[in-house]
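Okay, so chain A shows up in both of these, paired with chain B first and chain C after.
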Partner chain A sequence: MNLDAISASENILRETTGFVFPNEIDVLWSIMIVVYPYLTGLVAGAFILASLVKIFKVRELQPTYRLSLLTALAFILIAPLPLVLHLGHPERSYEIFLTPQLGSAMAMFGFVYAWYLMVVLLLEIWFEYRRDMVIWARETKFPLSWIYRILSLFSNDLSQEGLNFDKRATRLITIIGIPSAFLLHGYVGFIFGSVKANPWWSSVLMPIVFLFSAIVSGIALVLILYMVLAPMRGEEINMKCLDRVAAFLFYAVIVDFSLEALDFIHRLYESEESIHILSELIVNKLFLSLVVIQILLGMIVPLAMLAGIRIFRANAELRKLIYFVSAILIQLGIFSVRWNVVIGGQMFSKSFRGLTTYKMEMLGLEGLLLALVLLALPLVILAVLLRFFPPTGSPAKDLSAST
Partner chain B sequence: MRKLPDSLVRLLIVIAGLASVVLCIRFLVLPRSLTDMELHKQSAVERELEKPIQFAGSGICQECHEDEPATLAAGYHSTLSCETCHGPAQAHIDDFEYKPKAPRQRDFCPVCHMYDPSRPTGFPQINPIAHNPLLPCIECHDPHDPVPPETPRSCEACHAEIARMKAVSHHVQLECKVCHEATNEHMLHPRAEKPTKPANREFCGSCHAEDSDTVATPHIDLKTHGGRYLCWQCHYPHFPEAS
Partner chain C sequence: MLRRKLLKMLTGALPGLTILTDPFARLLAQDEETAAQELPLYGMGIQVDRCIGCGNCMEACKAENNVPPEPTHMRTWVERYVIDSNNEVHVSLLNSRNRTSSQIDEQRNVLRTFFVPKLCNQCENPPCVQVCPVEATFKTEDGVVLVDNERCMGCGYCIQACPYGARYLHPETKTADKCTFCYHRISQGLLPACVNVCPTQARVFGNLKSPASPLTRLRRLKKINVLKPSLNTAPKVLYTDLDGEVR
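On to the complex of A and B.
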C-alpha cells in the first residue's frame, strides 16, 4: 500500500468535520469546473445583449453589437478547455462527436456546444461581416487579402440583393440564437439542477438562475470591454448606448436577485432535512464567497449604486465611473456564484452530518494558475479578433448599413 | 424557382463538405471497436487484460508461507488480505528477490484504527497520539494476530463514538454497566457474546419516574409521558435531550 497516499489522505481527513463518506473527502470538481460555467455564462450573456439589437431593435446598443458577438466567439472558443483539462484526455474528446451517447446529459454538452458555435455564432458573424470581408479582401495586401478571401469563402457579391439577404439571414440566425443561448446555459444549470442526490444543487430553478446570472455577467462584461476599448481606439464613449447597457444590466440584476432570493426563501420554507447542513455550509465554509462577495459586493452594492444614479441623475463622468465599478463587482459576484454552486455543492457530506474542505492546487493541471490563464485567454483571442474584424467595419461604409 | 443567393450557395458547399468529412470519418475511418458497443466492451476487456498484474490475491500466499496465513485466519485480522498491508505482491511471486514491504512504522495502523466517528459501532479505535506513544504498534501487537496484550480497560476502546457522546451528555455520570450487563467475554470476543440492552420503559423509570427516590434527576410521569413509546424512540439514551 502506498504510504504517501495514506498519509496524504490522513492529512485531508483532519480538514473534515463530522461524518464524511470516504469518496466525499476529496473535492473532485475543481476550480476548472468553476471556470467552465462562468465562461459559458459570459458567452450566452454577450449573445443575448447582441440579440437585443437585432430582434428587439434597441438601436442605442448598435455600437456594442459587433463587440458582443466577437466577445461571445472569443469566450466560447475557450469554454470547453477547462472541461478537457479536468477530464485529462484531450486526445479522446472528439470521440464524443463520433460515438454519440444520447442518454448521457453530460455528453450532450458536445452537441449543444457544437450547435451553438457552428450554427449560431459563426454563421451570424459570417453574415454580419461578409460585406466587410469582401471589401477588405480587395483593399488589403497579399497574405491578409487571402485570409479575408478564404474566410469570406471567395464570395464577391456586393449587390443590394446579396446584402439584403445577409441582413435577413442575421436576423433569422439571431431568432434561432436566443433559444440556443438559453439552451447553452440552461443546459449547464440543468446539469447541476438535476443531481437529485445533492440538495444544494437539486432545484428546478437552477437552469433559470444560471441563465439570468449568465445574462448579468455577459452584459457586465461587454460594458467593461466597451468602456475600455472605445478610448483605446480613440473613440468617444457613446453615453446613450452606455446608459442603455447599464439599464439592461440593472434590470437583469434585479431579476437575477429576485430569482435567487426566491430559491433561498423556498429552501428555507421547505426546511427539508438538509437545511441544517446547508446553513452550516453557508456559515462555516461559504460565508466570504456567498454572503460577502456574491450577495453583498456582487449584488446589493452594485444594485444600490445603479439605482442611486438613476434617482440622483448623476453627470456623465460619475455615471461612467459607477457603471465601471459596478460591472466589475458584478463579475466578481457572478464568479463566486459559480464557485459557491460548484465547490459549495461538494463541501458537505451526503450524510448531512459533515463538511469537508477544498484545497486548491496551484500549479497542476487543475490549478489556480491555469484557471487564471483560461480566464485571460479569451481576452487575447478577442484582441486578435478585434484587430482583424474591427467592429467599425470597412472604412468605405457608414454605420447604418450594417443594421 | 428563385435563384439562391451567392453567399448561401457558398455556405452550403462548406457545410456539405464538413458533413461529408464527419460522415466519412464516422463510417469509413473509425475502427468498428469504437462504434459497436459489443466490440467496444470486448476491446476494453482486452486492453485491461494487457495491463501488468499487480496483486497476487489472498489465496496464493499460503502456498509458501504457512504460519502467517494460519495465524491471520484465526485472529481479529481474519478479514484482511495480506496485500492490504504488504502492498501489491505479484512481483514477489514472480521473483522472491523482490521483497514485499512490511509496514512496521507507527503511522500505518492508524489508517484503520484512528478514531473516526464514521467507523462502524464496535470497531476498535485508538487515539494514536495518546495510545502508548512513540513505540511502533507491532512492539505490543502481533500484526497477524493483534490481540491486545491485556483486555481493553474500557468500553471506549471499541465504542469510542458512544463513549465520547455520553461524556458530554446529561448521563455522563452513568457507567455503561448501569444500563448494559457486559461480561468480560464481550471484551475478548465481542460478536460471540453481546451485552444486554434495556428493554422497557420501566428501566428508565427506575430513576426518572415520579415515585423513584433519586435526587437531582428530572422526574416525569411514567404513565403519560411519551405515550406508549419506548423512551429511546424519542431520547437517545447516550445523549438524552429534553427537547
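On to the complex of A and C.
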C-alpha cells in the first residue's frame, strides 16, 4: 500500500467534521462547475434583456440590444469549456451527442446548447446584422470584405422587402428565443434540482431560482458593459436607456430575492431530516459566501441602493455611480449563488452527519487561475465581436447610397 | 434488448414494416423473458449484529478490485456507531490500517454500539443509471449495477446522484468506480471477496429469486430493512437489525 497516499488522505480526513462517507471527503465538482452555470446564466440573462426590445417593444433599451446579443454569443462560446475541461475523459464527450441516454438530464446538454447557439443566437444575430454585413462587404477592403461576404452568406439584397423580412425573422427568432433562454438556464437548474440524493440541491424551485438569478446577472452584466463601452467609443451614456435597464434589474432582483427567500423559508418550515446538517453547513462553511456575499452584499445592499435612487431621485452622475456599483455587487452575488449551490452541495455528507472542506487548487485544470481565464475569455471574444460587428452598425447614409 | 429496441424503432419509422418485423419481435421477446426467468437476481444481506468490525472485507475488496489505497476511495467500508446515554450519535470510519477507531476510547456512558458495513446498494431503481448521460453505468439483467470504464467520460454526475456515497472517481482510470458485487467472481460461481473473508457471516450473498439461496433464508427468518427507503431506490442490499440512526 502507498503509505504516503494514505497519510495524505488521513490529513484530509482530519479536515472533516462529524462523519463523512469516505468517497465524499474529496469535493468532486470543482470551481470549473461553478463557472459553467455562471457563464450560462449570463448568456440567458443577456438574451432576455435583448428580447425586451424586440418582443416587448421597450424602445429605450435599443442602445443595449446588439450589445446584449453579442454578449450572449461571446459567453455561450466559452460556457461549455469548463464542463469539458472538468471531464475525466474529455475525448469521450462527443458520446453525449452520438449515444445520449435520454433519461439523463445531463445528456440533453448538448442538444439544448446546440439549439440555443445555432437556432437562436447565431440566426438572430445574422438577421440583425445582415444589412450591415452587406454594406461592410461593399465598403471594406480585401480580406475584410470577403470575410463579411462569407459571413453574410453572399447575401446582397438591400431592398426594403429584404430588410422587412430580416425584421420579421428577428422577431420570430426572439419569440422562439425567450422560451429557449428559459430552457437553457432552467435546464441547468434542473441538473442540480433533480438530484434527489442531495437535499441542498433537490428542490422544484431550483430551475426557477437559476433562471431568475440568470436574468439578474445577465442584465447586470450588460449594464456594466454598456457603461464601460459607451465612453470608450466616445458616446454619451443614454440615461433613459440606463434608467430602464436599472429598473428591470431592480425588478429582477426583487423576484430573485423573493424566490430564494421562499426556498429558504420553505426548507426551514418543513424542517426535514437534513435541516440540521444544512444549518451547520450555512453557519460553518458558507457564512461568508452565502450570508455575507450572496445575501447581504449581492442582494440586500444593491436592492437598497436601487430602491433609494427611485425614492430620492438622485442626479445623473450619482445614478450612474450607484447603478455601476450595484451591478458589480450583483455579479459578485450571483457568482456566489453558483458557488454556494455547487460547492455547498458537496460540503456536507449524505450521511447528514458531517462536513468536508473544499480546497481550491491555484494552478492546474481545476484551479483558480484557469477559472479566471475562462471568466475573462468571453470578454476578449466580445471585444473581437464588437470590433467586427460594432453595435452602431453602418451609418444610415450607406443604406441610401447602396440601395 | 437492443435488438428489440431496433425493431421497435424500425416499425415506428415505417409502419408498413410491422407485418414483417412483428413475428420476430415476439419471438425475441419470448426468448428474453425465458432467459430473464432463468437468470439470477443478485442481492446481499448484511447482518449488523454479526459484524465485529474486523475490517477484513475492506482489505479484501481493495486487494481484489484494485481499489486505490487511500481511505477516500472505498468500494466497501465499515462504519462504527457509538450512541451515548444522551442519545448523541458518534459515527466513525473503521480504519483499515490499524483497525481501531479513534473515537472508541473517548466515548463514555455508551448506550449501544455497533458496526455497519456499507457498499453499493445495487438499487433496483438506481439514480446513478438514470443520470448517466452516456449509458456508461447500467444495470445487468441479473441485477448488478456496473460501470463501463471504456465508455464513462468521468463527468461525476452518478457520483453526485448516489444517495449512499458508494461511488468515487478512480484516480487512475478517471472514470466512476464502485462495488460490482465482484461481478468477475460471481459470474464464475464464486462469492464476492468481502463475503468470502467475513469470519462471522455478517455478509450473506445470494440469488433473491432462488428459494434455496441463503439470502432467501435470511429474508424468511429476519426482519429486513434497507437504507434510505424514502428515496425509492429499492436497494438489493438488505440489512437485518438495522438501527434507525443509520443512514
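In this section, the second predicted complex is superposed on the first by the 392 of 403 C-alpha atoms of A that agree within 3 Å, B and C clash if a C-alpha of one lies under 4 Å from a C-alpha of the other, contacts with A are read in each partner's own complex, and residues count from 1 in each chain.
Here is the rule we go by: contacts are C-beta pairs under 8 Å (C-beta built on N, C-alpha and C of every residue); 3 or more make two chains touch, one makes a residue touch a chain.
The structure presented is a predicted model; accordingly, all values stated were derived computationally and were not measured.
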_When chain B and chain C are modelled together on chain A, clash or fit_ = clash
_Going by the contact rule set out at the top, does A:D166 touch chain B (first), chain C (second), both, or neither?_
first
_With both complexes superposed on chain A, which partner does A:W29 reach: first (chain B), second (chain C), both or neither?_
second
*Touching A:F324 in the superposition: chain B (first), chain C (second), both, neither?*
neither
*In the overlay, answer first, second, both or neither for which of chain B and chain C A:F21 touches.*
both
*asked:* In the overlaid three-chain picture, which partner chain does A:R130 touch, first (chain B) or second (chain C), both, or neither?
replied: first
*Identify the partner contact of A:F111: answer first if only chain B is touched, second if only chain C is, both if each is, neither if none is.*
neither
*Is A:E95 touching the first partner chain B, the second partner chain C, both, or neither of them?*
both
*Decide which partner touches more residues of chain A, taking chain B and chain C as the two options.*
C
_If the shared chain A is used to align the two complexes, which stretch of chain B, 93-101, 165-173 or 201-209, clashes with chain C?_
165-173
*Intersection of chain A interface sets (partners chain B, chain C)*: 1-2, 6, 10, 13, 18-19, 21, 95, 99, 351, 354
*Which chain B residues qualify as touching chain A in the complex?*
5-8, 10-11, 13-14, 22, 25-26, 30, 34-35, 84-85, 87, 103, 105, 107-108, 110-111, 114, 116-118
*chain C touches which residues of chain A in the complex?*
1-2, 5-6, 8-10, 12-13, 18-19, 21-26, 28-29, 83, 86-90, 92-93, 95-96, 99-101, 103-107, 109, 191, 195-198, 345-346, 349-354
*Which part of chain C faces chain A closely enough to touch in the complex?*
68-74, 77, 79, 89, 91-93, 97, 118, 127, 130-135, 151-157, 159-169, 173-175, 231, 247
*What residues on chain A touch chain B, complex-wise?*
1-3, 6-7, 10, 13, 18-21, 95, 97-99, 123, 126-127, 130, 153-157, 161-162, 165-166, 169, 351, 354
